Structure formats: C-alpha cells, structure tokens
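Next up: the structures, one after another.
Each of the next two complexes has chain A plus one more chain, namely chain B in the first and chain C in the second.
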Partner chain A sequence: MFAYLVNLATLVCINAILAITLNFIMGYAGIFSLAHAVFFGVGAYVAAFIALQWTDSLLLQLLAAMIVAGLISAALALPALRVRGDYFVAASLGFQVLAATVFSEWKSVTGGIGGLVGVPPASIGGHAFGDPVEFLGLAAVTLALVVVLTTAIVRSSLGRSLKAIRDSESAALAFGKNVALIKTLSVFYSASICAVAGVLYADYLGFINVESFTIDASTLFMAMVIVGGIGTVWGPIVGAVLLTLLPAALTYLPFLPRTEIGSVQQMIYGFAMVLLMIFKPDGLMGVKRGEA
Partner chain B sequence: MLLLQLIINGIQVGALYGLTAVGFSLIFGATKIFHFAHGASFAISAYVFYYLYAVLLVWWPISILAACIVVVVFGIALDRYVYGPIQSTDGSFFTIFVGSFGVAVVIQNLIGTIFGRGFISVPSALSKSVELVPGLYVAPTAGIAVVAAVTCFVALQLFLSKTNIGIALRALSESPGLVRTFGLNPRAVSTCAFALGSVLVVPAAVLTSMTSGLNAAIGGRVMLISVAATIVGGVGSLRGAACAGLLLGIAENLALWRFDPQWSEAVTFLILFAFIVLRPSGFFGRVVTS
Partner chain C sequence: MLQMSKSPALTATLLEIANLTKSFDGVKAVEDVSLHLREGIITTLVGPNGAGKTTLFNLITGHLRPTAGDIRWQGESIVGTAPWKIARLGVARTFQDLRLFSHMTVFENVLTVMERSAWFWQSEAGSGAERHQRVHEILDATGLLHKADVRANDLAYAERKFLSVARIMATKAKMWLLDEPASGLDPRSYERFVALLRSEVRRGITICIIEHNLEIVVSISDRISFLDQGRLLADGEPEEILGNPELSSIYFGERNS
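Presenting the complex of A and B:
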C-alpha cells in the first residue's frame, strides 16, 4: 500500500510539472497547444537513449533533453507567430500526430512501437536514485523548483508582457514589445521544462513507449489545466492531482471492467470539460478574468 | 500505372474529405463556432449505418436515412445545449473549443466502449475493385464518392443561393447583428447551419465504412482533415474547403508512392503547416462564403 501511494505521488509530481508548463503557454501566452505530449516524449526518449547508450548522469540527461526539446519547440513557435486561436490548435494537433508517427517509426532511436526497455536509474554525482521514495523526493524537489521558477517568470516583466500579448497582441506591439521574441521564448521555456518531466518519467519507470506520448496524453494534460483553472498558479497542480488520482479511484468501483477504465476516465474528463465550459469556464481554482 | 492508380484512389478519398470539410466550413462560416466535434458527427453516423446495415441487416436506404437523422439530431443538440449556453455567457474561442473537444473525447470513448476499438468494415459488393484497363483497379465506390460529392456540393450551392434559409445562412456569416435587425432569429439560423453541416458527413461516413473501414478513433482523423482543409482552402470559403479536401486526399495517396501508409497523416500536417506559415489565408483568401 505504501509503495502504491509513493508511486501515485511520483506520477502526480510529474503530471503537475507537465500541467504547469502547459498552463504557462496556455494561460499566460494564449497559445493553446495540443502538442504538449510531444515535448514530454522528446524528454523521455532523449533521457532513455542517453541512459542506454552513454551515461546515467541525471544532470547530463536533463541538459540534453531541455536543449533538444527547446530546439524542437521552434516547430511550434513558428505557427504560433503566424496565427492565433483555432488555427494554432489545428497546427499543434497536426504536430502531435506527426510526432507520434515519428516516435513509433524511428526504430533505431525510439525502439518503435515496443519502446525502450531497461532504462537504468538516474544518478547525481554517483548516487543512483533506485529507491522509489528517494525518487519521489527528487520529483517533489523538481516540482517545487518548477513552481518557484514559473511563478517568478510570470511575475517578472516577461510575464507581464506575455499577459499583455494574450489580451491584445496589437496593443502590446504598439507599446514596443517584441512579440515574436517573447512568444518564442515562452514556448522554448515551456517545452524545455516539459522535457524535464519526460526525463523524470523515463528514469522512474525504466520503460517508455509511444503510448504515453500520443494525442490522448496531450488531451489529458490540457484537461488538467482546464479543470484546475487556466492562468492560475494552483489550478494546474489541483488539476494534475485530481486527474492522476481519478483512474486509481475508478479501480475501486467493482462493477467496472479493468479494460474499460481508460475510456471511462476519458469520458469523465471530457464530460467535465463540457460542463465546466458551460457553467464555470475559468476552472475550479479560477478567478474572474481581469483579476488574474 | 501505379501513379494513375494512386491518383484515382486519391480522388475517391479526396471527394469525401472535401464533402466533410465543406460541412465543417459551413458551420464555421455561419456561426463562427470551431466545431471540433465534427469528427464525432462523422463517427456517429458511420457507426449508426454500420450497426443497422451490417449487424441488424436493415435495408440500406433506411440505414442511411437513420444515420442522417441521428447525426442531425446530434448536431442540433450540440448547438442548443452546449454551444448555445457557452455563447450566451462567454463566447471566447477557447471555451467553445474546449467544450467541443470535450464532446469529441466523450463520443470517441463511448463508441470504443460500445463497439470495441478494433477496425470494422461493412461488407459490400460496391467496394470490390474491377480491372478497368490492365493494371488499373477501380471500385464502384470511387464513382459513387465523386457523384455523391458533386451532387451534394451543387445542391448546397443552389440551396445557399436560391432559398430564403440559405440566404439567411450567408447573411449570418456576414453580420449576425444585421440578421437580427431584419427580424430573423440568429439561433434558428445557426440550428439550420448545424443540421446542414452535420448531414453533409453522411455520404463520406457511409462510403468510408465500406472502403477503408472504421475504428473508434476515426473522429479525430476526420476532425484533423476537416480543419486542415478549411484552413488550406481559406476559412469561410466552401469552394476552397472542397478543393483543399480533394488536394489532401490526392496528396495523401500520392505519398504512398514513396512512403509507408502510416505517414499519410504526416503529409496532411505538412501541407497544413506550410499553408499556416506561408499563406495563412489559404487558397481563396478572405472570400466569405463563395
């Protein structure tokens, strides 16, 4: 039971990092990406590949994953600079589909559909994080760092510029903000921190395959942000906790066949998204627009 | 000969993509609702047809009619009970998108739970290929697809230009305020747009169930193609959406000449990406309802 709870808590931490970084571009930059799982996957594959080929050093893996994900984020920043809203969602959806194909087809690096197996536990300075409780500590510390860093950025001048762009791009431009640079930087930040979650995920499970990085995953991350409350500090964390614990809670319903838990979970959050949009579009932790 | 074969396959697929995209474009043009659940409409009508025709062995015109009725009811219900309430409080793109997306997620999983997640297809003599010239195989469904697409498109154009409701629909896409001034109810016109746009997926849904088959996730694919065709064709242009759908279908099939089938969606995406970066207004610029 204790091991089970530690496992859940670790997954909550990883998902919370994902939700926070997605909320960073959705809530503050107004970029609604359905491709967040791509960067999660890039981080995980880079970490697993490095761990299997060269070294189990966590810091090296993190650095490499952040750089690779950051570079790939240009593919998302480019359409984000050209179009807004609906069009961008479509572009990011297409990007997600393309990336999932690459993950499952580029067999020499990603191991194809079967994925990469037997990723050794990561280590810092020779100390390997093999014990689940230690790994939970690592994940929790990382989460705390991400929360502090993201909140600091949101409250800095960059964060205020982002909100200005979200609310009115032309007004921000008129005030002399470099809209293109600010948007590119925010996508870069979001993608590279998202990759950190991917590194933790790969090192924690020791096994990854494309199923964790498909459109379903992107949808789940978006649902976390929306259910919790977009554009708030605590919203994504609350959303991540709720939606990570949901499948675990569903297993306690005896009449539900195990194979259907995944789709029942998706139905619940799909339905929750519809109801929230009708009755409380700002999410559970939401505040009225304009105060945030 | 392989190239010609791929082009013919592409035209068959593209005609159906075009028709589905026109439905999406019609709804978006008239109501400004980015109807992400359009793919769900497609999946619903396809599975209704499959269940009646292939499982219950109902006569085919009745099966198609039932698919039409169900999909129209679904479209109108969405407009009334999901988009309507959202628009009356907060009409921002984001809330509508999330609501619509939530519906698509629910429908996809409902279908997966009821019918299973594997591939199913409707057995039909129409999808058996005949060798027209040596080395060139064409199934009757290809002809039916093209005829159905052209008929529906011409009928839709006539409807939009000749009837009062059609003119009201075009007026709504130009200026909802003015529609109200002239004593028409924008909500009623919007309901009509959803009914029309939804029923346009039926020919494609029925023919797809006979040719390439269905699975629970097909809605997402259809959604991506419809959105891509709408953007590539130029938002608000029905003619653009139809042409872009055809283009995407042909491009997807031509890609098979050099690449494995799993890359076909990547081709769609690359075309969409190129248009978004190089020409965000699409083929037909900012023409509102052609």
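Presenting the complex of A and C:
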C-alpha cells in the first residue's frame, strides 16, 4: 500500500508540472494548446534515448531535453503568432497528431509502437535514484522549483506583458510590446519545462511508448488546468491531484465490477466536468471574473 | 479640398501624412489624404461616421498598411514598420472600444505599459520603485488612485475612460492619438478630462483626437481636420471650419439622416 501511494504521489508531481506549464501559456498568454503531450513526449524520448545510448546523468538528460523541446516549440510558436483562439487550437491539434505519428514510426530513435524499454534509473553525481521514495523526493523538489520559478515569472514584468497580450493583443502592440518575441519566449519556457516532466516520467517508469503522449494525454492536461482554474497559481496543481487520483480512487469502489471500471470512470469524469462548468466555470481555484 | 487661410503661428510638423490611400477590396476608406499634425497642439479629426477617421489612426500606428502614400514621423517614413516599433518611436493611442487589459488591475494596466522590454530587466523604465511611484502619480492625476487594485473590467464607464488615458500617460510618447475619448462622459467627468488633456499639452504632448460632439470639438481644438467618405475636405482653425456652411451641412446632413 505504501509503495502504491508513493507511486501515485510521484505521478501527481509529474502531472502537476505538466499542468503548470500548460496553464502558463493557456492562462497567461491565451494560447490554448492541444499539443502539450508532444513536449512531454519529446522530454521522455530524449531522456530515454540518452540514458540507453550514453549516460544516466539526470542533469545532462534534463539539459538536452529542455533544449530539444525548446527548439521544437517554434513549431507551436509560429502558428501562435499568426492565429488566435479556435484556429490555433486546430493548428496545435494537427501538430499533436503529427508528432504522435513520428513517435510511433521513427523506430530507430523512439522504438516505434513498442517504445523504449529498460531505461536505467537516472543519477546525479553518481547517485542513482533507483529507490521510489528517493525518486518521489526528486520529483517533489522539481515540482517545487517549477512552482517557484513560474510564479516568479507570472508576477514579473514578463508575466504582466503576457496577461496584457492575452487581454488585448492590439493594445499591447500599440503600447510598444514586442508581442512576437514575448509569445515565443513563453512558449519556449512552457515547452522546455514540460520536457522536464517527460524526463522524470521516462526515468521513473523505465519504459515509455507513444500511448502516454497522444491527444488523450493532451486533453487530460487541458482538463487539469480547466478543472483547477485557468490563470491561477494553485489551480493546475489541484487539477493534477484530482484527475490523477480520481481514477485510482474509483478502483476502490467496492460495488463496481472490475471489467466496467473504465466506462464508469469516463461517465463520472464527464458528469463532474459538466457540473463543474455549470457551478464553477472558472475552475475550483478560480476567482469570479466580472462580465467580459 | 477647401483652401483655408494659414494661421501665422504654425508649429513644426511632428507627423506628416502624404497622399495616403487605403482600400478594402476596392472600397476606399481613406483616399488621398495629406495632413500635417503639428507639435504641441490639439488637432481634432471630425466628420460623419465612416469618414475614415479611425482607419487613419490604424494606418498611422501600423495596425493597417496603406495602399498608397506615405506617413512620416519627424521626417522619416514609418510605413511598413511594426506597430510596437512605431509605439516606441513615440506614437501612442487609445481605442474607441478602449481595449483595456480587462483582467488586470488598474495598477497593472498602467505599470505594464511602462515595461516594454520582453525580458525581466526594464532598463529604460527605471527601477521598480520609480515605476511604482510614477504609476501612483498617474493614477492620482486621473482620479483612479482609490481603484488601483480593482480589475479594469469592474470599473464604471467613466473610470474606464480615464484608465485608457492613464495608460497612455504611462508611455513616453510625444504624440497621442485619442479615438473618441470623451464620448459618454457626464459633464463633470468631461471637464476633468479636458483639464487633464490641456495640462498634458502644456507638458509638451501633441494630441490628435477623434470627436463627434461639436461642443467638445469647439472647447478643445487648436486645429480641426474635416473628413468625409475617406477624403480630407478641410483643415484649419476651429472658427474657419465650424463657420463653413458647406461643412456643417455635410456633417449635420449625415448625422440627422
């Protein structure tokens, strides 16, 4: 039971990093991306590939994953500079589908559908994080750093510029803000920190394949942000905790036959979402906003 | 264009519009307009709806690209320059629909305008303490100090109007383009508003303002440019323009129809 809780807590930490980084571009830059799992996947594949081919050094894996994801984030930044709202959602969806295909077909790097197996535990300075409790500590510290860094950015002048662009891009331009650069920076930050979660994920599980990085995952991350509260500090964390623990909690309902759990889960999910959007449209941590 | 007698004491041209034309799918919103916006005065653009006044603003600030003609800021052409670069040259504007940063507080709305750099350090805006001090002064001057922590969205109508002016005060712009800034203000707010603009002009700001209300036009303008259907019909001193029966008939004919 303890091992099971440690496992859940580790996944909560990883999901929280994903939700925080997605919330950063959704809530503060107004970029609604359905391609967040792409950068999660890029981080995971880069880490696994490096671990299998060269080194188990966590810091090197992190560095490489952040750089690669940051560069690929240009694929998201370019459409984000040209189109807004619904059109961007469609563009990011296309990017997500494309990337999932690359993950499953580029066999020499990603291992194809089967994925990459036997990823050795990551190490820092020769100390390997093989023990799940130690790894949970690592994930928790990383999450704390991400929270602190992201909150600092949101409260800085860059954060205010992002919010200004979200609220009125044309006004931000008219007041001398380099909207293209600011958006590109924010997408770069979001993607590269998202890749950090991917590195942790690959090193923790020791096995990855495309199933964790599809549109389903992207949708789940977006749900975490919306359920928790877009544009709030604690919202994405609350959302990540709830949507990670809910499926686990449902398996404990005694009256459910094991074979039906999947579909019952989906129904409870859907029902909860509908109720939430009716009674708390700004998310659980959301502040009521005035009329638009 | 009607030739008006030139006033003897014309100041230097800050922004020059030369034979500017803008067509949307063949329809000319602005047609062959030439205009000098002169330093240190308030120039008012008047004319019926659809005269091309706001389009002219959008062309100046780079939000639209002209089909033909040139726009020169202190002698240099700014056609094709990105809007944020034009803003940094010293041209700031308000919008008819305000476009406040609606989910940010009043304080943040003003502060973020000073912080133009995309990075964390704001070398040209002074230290954090200086910026906060300046925001404080601007909110004081616009009567918004007691609303500093209120979201822009939650302000009353007149307060939103003043916030749009507070935001423009936070820029270091030499020229302000104001798109119907006084519409819908009650008389008391309106008087405060005019006094504020006058004190800014004394400080050396050049203002170009779009206004419909002739009472306001009379009380505020140093010069008036009259546009109709995309063309500049007249440009001169307020008495000349407002005393011209031909222009009044265009203006009121259109307004009353």
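The rule is simple: the second predicted complex is superposed on the first by the 264 of 292 C-alpha atoms of A that agree within 3 Å, B and C clash if a C-alpha of one lies under 4 Å from a C-alpha of the other, contacts with A are read in each partner's own complex, and residues count from 1 in each chain.
Please note the rule applied: contacts are C-beta pairs under 8 Å (C-beta built on N, C-alpha and C of every residue); 3 or more make two chains touch, one makes a residue touch a chain.
Note that the structure is a prediction, hence the values are computed from the model and not measured.
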Partner chain(s) touched by A:Ala174 [first = chain B, second = chain C, both, neither]: second
Touching partner for A:Lys163 - first (chain B), second (chain C), both, neither: second
Contacts of A:Gln266 with chain B and chain C, given as first, second, both or neither: first
Touched partner set for A:Gly94, first chain B, second chain C, both or neither: first
Chain B or chain C, by number of chain A residues touched: B
Touching partner for A:Ile182 - first (chain B), second (chain C), both, neither: second
Touching partner for A:Ser104 - first (chain B), second (chain C), both, neither: first
Parts of chain A lying in touch with chain C, wherever the complex brings them together: 156-158, 160-161, 163-164, 166-168, 170-179, 181-182, 185, 231, 289-292
Of all residues in chain A, those that touch chain B in their complex: 32, 78-79, 82-83, 85-87, 89-91, 93-95, 97-98, 101, 104-105, 215, 219, 222, 226, 230, 260, 263-264, 266-267, 269-274, 276-278, 281
Chain A-facing residues of chain B, complex: 34, 82, 85-86, 89-90, 92-99, 101-106, 108-110, 112-113, 220, 223-224, 227-228, 231, 260, 262-263, 265-266, 268-270, 272-273, 276-277, 280
Contacting residues of chain C [partner chain A, same complex]: 61, 63, 82-85, 87-88, 92-93, 95, 99-104, 108, 111-113, 115-120, 122, 151, 153-154, 167, 171
